[in-house]
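Just dropping this structure here.
Chain naming follows the written order as A, B, C and D, and within any one chain the residues start at number 1.
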Amino acid sequence: MTDMAIAARGIDTRFGSFLANSDVTIEVPVGERRVLIGPNGAGKTTLFNVLAGQLRPSKGSVEMLGREVTRKPAYQRARMGLARTFQINNLFDELTVRQNIEITLASEARSRRVFWRDLGSLPGIRARTNALLTEWEFSDLADWPVRELAYGQQRVMEIVLAMSKQPRVLLLDEPTAGLAPADAIRLTNLLAALPRDITIIMIEHDMEVAFALADRVTVLHQGSVLAEDVPGRVAVNQEVLQVYLGDMSDA
Amino acid sequence: MNLPSPGDHVKSRRLRSAVVLGVLLLVLLALPFVLPSFYLFVATRILALGLFATAFNIVFGFGGMPSLGHAAFFGLGAYVVGIASTRSDLPFVVIVVLTLVAGTALGVVFGLFNLRAKGIYLLLLTLALAQAAYGLAFQQVELTGGDNGISGITREGVPIPGSASAFYWLALAMVVVSLSLMWAFMRSPVGMAITGLRESESRLAATGYRVGSYRVYAFAVSGAFSAVAGLLDAYLLGSASPSNMAFLLSAEVMVFAILGGAAFFFGPFLGAAVILSLELYVSTLTSRWTFVLGIVYVLTALFMSDGILGRIAYLRRRARRKTAESPTRAAAGETDVAVPADTDDLVEERHT
Amino acid sequence: MSKRRATRPLVALTAATLALAGCGSQAPSSGGVSADSGSGSAQEGANGSLTVGLLNPLTGPFAALGEDVNAGFELYLDSKGGQLSDYGINVVKEDPANDPGVATTKARQLVQQEGAGIVIGLVNSGVAYAVAPYLESAGVPLMITVAGADGLTRTKGGNLFRVSYTGSQDTMPAGDYVCKELGLKTAAIVGLDYSFGWEASGGFARTYEDAGCKVVQELYAPLATQDWAPYVTQINRDADVVFAVTPGSDAVRFLKAYRGFGLDTPIFAQGSTTDEQLLPTMGETADGVMSSLHYSPVIDNPANKTFVDAWTEKYDRSTNQYAEDGWAAAQALEAALSDVKGEPTGDGITNAMRNVSIDAPRGALRFDEYGQAIYDVYMRKVTKQDGKWVNKVVDTVPAVNQFYTYDVDEYLQFPPYDKLKGTWAK
Amino acid sequence: MVWLSNVLNGLAFGSLLFLVASGLTITFGLMRTINLAHGAFYLVGGYLAFDLYVRTGSYWLSLVVAVVVTAVIGMLVERLLLHRLLNQELPQIILTVGVSLMIGDLLLTQYGGSPISPPTPAGLEGSMQLFGSVIFPKFRAFLIVLALVLAALIMAFLRFSSIGAKVRSAVDDQEIARTIGIRVPLIFLLVFGAGTALAAFAGVWGGALTSLSPDTGLDVLLLALVVVVVGGLGSVPGALIAAFAVGLLDQFGKVLFPEWSLFTIYAPVALFLAFRPNGLLGKVESR
């Protein structure tokens, strides 16, 4: 049995009387690329928040890289090598691109409590920031506040920040949402080119993107897992089709 | 993409800022030679309250936590001086250290209480804490002198106790040092993470920062320097009293910050100077000065919520529109064209 | 958010603000002489001129007191044509805003900018404590008109004088009076929980117990207590008398709760509890309340008649102790100036003030060597006269000083009243 | 019996706090507007009723006119000033503090600084005997009833009337509300008017209990804020429970720990909020 990058078992997440996740079990082995799909309100983002530690499930357990993390808050999971992006751009808007990266890099143990030195002057931070800016082609924009970037650039920034900490597990919440088709393709290519040793769990609405990137696909529906399989088989799963088509005809 | 590199721009601006600050400092150093003693007194008071506003802004403008209880820190500093200087022979330096320690400790308490509260709840939680502190100051007479406060604070232990000018220079030195330390602090990883609190706590947590800790750090540092401001005020006035802890001072410091520009490091200081001068001027003209103060608050809220510096920055951005184009939005036909943030410019030091 | 909007309204509103500020300065804040800052209108008398800084609250909780002190002072000055002892008097009013910081600033402004030769006023004792050391160091005499803390007048030969009471001065005769004359042998004290409350209560308790009677209970409520029920319901109903020290709006609430809960123990109060500013609002609830104070508008003497006539001609309400304090302060200053030869220096006025002896509306007034006024204290009872509630004078204790009948040195050895609160009933 | 009397007093003072807090909590709950001028409107109501009663001698006329006129003033403030600052918490705070400074100063200029007392309706003077030995003022007993009735009315109104639903939808999503034909600015105007009317109503009743002077607005406002926040912003039942709790806390704090009475009211509140940052019945703010 391979090691699990993330294993969530029997997850219930309750908001008042509303059950957003009901007995969800999802196990993602190290190195796998998993895509979560499902209609609106299926509980995908809630599950993400549970995996990332932003929400504590009402029931069930979460394991990450072989360690029990159910009760560990988000920042501790981040320190264990988990990174995530947000469905709605969630950056340090008023800060510059450079500062966004610097803060992210400085979150490691030896620098995050430093209060006597300039952030940019810490050993390695400036150099690594510059390297990242170059690698992701943001050098020209380094001193612009993030809020001034185009939407698509902000989506990429989300991924830059997530990747800058060299995560072992990467959660991507609809990375291509709201992008023009050309930008979406660019971004998908960027994602496809990420190192294979990073475990990726991704929520995606766009089926083409999903199936192009996924090793396996998990389908959520009304808070529960409806199906989980390789893309080819999910694409022809009757139940899944029904949910999706039904959902579309409703909309 | 073909963009103007902000590099040269930033360098020239950094130089200009340094020159502006240098000239300003020289002017401030020279004030005792030109100002009549009363205005020197007022200037010293502005220094103290300006420091208070700047310290407050660490929590408010940078950390994005609207504290309505900061008078507690200011008052605490004043009482430390009051108690230590009237009941002991402790040297000035020790009293300063005591003040810093007390301010930090109270800041930690405030921070721990406010680990989770947000927005209006944080506002009222801090208010309740400050009211509790006010209650202690008012009722624990043994220690605080109750409503009479502590008077007769002399500057005996203070370096060069003699003249008003000497105290002004001492206050100026302490304020300059404090502001420099805060400036440096806000650029450190901890300071930047505090700024991150305001921008997005969820991202900060997802990045690996323990959000609650940074809230505590913000209050601790802010509390320490707010207490130093209270110390200066107590030495200047020669007294400490419960009104140093009162709700109205907490509200006023927020107006200082907003009117000056909470997004800017020096905004709150400017706001303090403007409002204190205005209060002095108007209250000399008319006994209806609270009415005028009310109008100032209303106008600030309606038209100056980005503050004086915010407005200047906006006007400058607009003036510069022709020379710089936003990399992205200009193409999309947006009119409010942005320019790069220059991290070393006084006015453009934008953290909100 | 568009940041471009509203520059024009901003300009308009700023202009309006400035205009209003301008109008405001002419608005009659106290109805007194138009004597706002402006040394340009310096009035020159035959002997010279003097700038008087009136440092009384015009805003905040004590505004009503401050306005009346100022009005009393200016009324007397008016009646003398703006001159006292042939010195032209320029009045400059500043608002201490009930804040030691503002008050210290304003005191300096009065002295250093406006050239005030004397500062008169102060209501809040904390503010007075904060301001006094500066005026001492500046060599400018300070005449306090309301602030009551005992400790303010405990230094001999200073530049500080006070025409109004010390916290305990007007209540010490009351302790004797209630015990001996009224024969009420046990008392429950209800006071405000701050220094004035402890001093006034303590003054009463000291003489009351020394006269052989017993304080059986002490209750102290915070300043500005909105609901007095918790205190009123605790009052020991076996006490013969309730001694109340509840000045200001607390008096209104205290009496309302007291009557509401059906208590019928007689009340004897420190005189500010039944102040004429409050009587119209208190109405029936104050009926029969006795009190001690150094003034009552119905005192029958020529000086008071002059004062009351001048006051009622101008204002549609009764005089009160604060207005009288202001009036008496002006009289005292006039008397001092008549002794000053030539330039009215700080030392000159201070020295002359020590020998001042005047017939104020309250009666004879002079200062002891600590600068505290010596005056008659009246025992009064709230009664309806011609459809109005007044503090009828029922007895007089002449020439009361701040130490009452105690030996000064012995008195000064007593622990301060804030240490004694809570010990009287034990 | 002493305990019973203390409990009743606590409830009566709590009732006064609820009267003040009710207007504050609905303006916040429905409009997300923090009105720190609420204490000033409380004063305006009380002073107007006092003034009118002196002129006319009619209690009910004074009450009604005072409440209506204050509501109109409130609506003017909303329309001319607050309205421009929708969803901007801090500017709203500064603005309403400014408005309350202005109102306080106008009242001081107009009526002087001495305390005044708004009228009490006939029949509520004096006291009554409960359970044999407990004497309790009728006015205070009536205040408890009044608070309970008012709470029930507000809750029923918000729940059952269509205006309640409209207001809620207008707040939840202004865009959607607009598209389905709800006039959002009008709704906000009415809600703010209702809030200030409640403040004025509380001013007439509370002022009759405690008397008013131009500086009492702040004392009352601070206590009402405590109640609103502890109850959970926007929650009327929460405010009712919190008002009674704070009233009792105040009463027993003063009886049991008089030396700490200012501390005992705010410190527990702070502690409570630290553990329940959204108050008793407050909704978690999504942001």
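Simple rule for what comes next: a contact is a pair of C-beta atoms (placed from the backbone, for glycine too) under 8 Å apart; a residue touches a chain by one contact, two chains touch by 3 or more.
Because the structure is a prediction, the values reported are computed rather than measured.
Student: Which chains contact both subunit B and subunit D?
Tutor: The shared contacts of subunit B and subunit D, listed by label, come to C.
Student: Could you let me know which interface, C-D or A-B, is made of more C-beta pairs in contact?
Tutor: Looking at contacts between chains, A-B has the larger number.
Student: Taking each chain's centre as the mean position of its Cα atoms, how many Å separate subunit A from subunit C?
Tutor: 71
Student: What is the distance, in whole Å, between the centres of subunit A and subunit B, each centre taken as the mean of its C-alpha atoms?
Tutor: 39
Student: Between subunit B and subunit C, tell me the centre distance in angstrom, where each centre is the average of that chain's C-alpha atoms.
Tutor: 38
Student: Which residues of subunit D are in contact with two or more other chains?
Tutor: 105, 109, 261-262
Student: What residues in subunit B touch two or more of the other chains?
Tutor: Where subunit B meets two or more other chains at a single residue, that happens at 138-139, 288, 290-291, 295-296, 302.
Student: Two or more other chains in contact with one residue: find those residues in subunit A.
Tutor: none
Student: Report the complete set of touching chain pairs.
Tutor: After working through each pair, the chains in contact turn out to be A-B, B-C, B-D, C-D.
Student: Please name which positions on subunit B make contact with subunit C in the complex.
Tutor: On the subunit B side, the touching residues are 36-38, 41-42, 45, 138-139, 141, 146-149, 151-152, 233, 237-239, 241-244, 280, 282-292, 295-296, 299, 302-303, 306, 310-311, 314.
Student: What residues on subunit D touch subunit B, complex-wise?
Tutor: Residue positions touching the partner: 28, 34, 81, 84-85, 88-95, 97-106, 109, 218, 222, 225-226, 229, 233, 259-263, 265-267, 269-271, 273-274, 277-279, 282, 285, 287.
Student: Which of the residues in subunit A end up touching subunit B in this complex?
Tutor: Residues in contact with subunit B: 52-54, 73-75, 78-79, 83-84, 86, 90-96, 99, 102-104, 106-108, 111-120, 122, 140-141, 143-145, 148-150, 153, 161, 165.
Student: Would you pull the subunit D residues touching subunit C in the complex into a rising list?
Tutor: Per the touch definition, subunit D meets subunit C at residues 2, 5-6, 9, 12-13, 16, 105, 108-109, 112-117, 126-127, 135-137, 139-140, 209-211, 213-216, 219-220, 223, 250-251, 254-255, 258, 261-262.
Student: For subunit C, which residues are in contact with subunit D within the complex?
Tutor: 27, 29, 59-65, 67, 193, 219-222, 224-227, 229-231, 233-234, 248-249, 252-253, 256-257, 260-262, 277-278, 281
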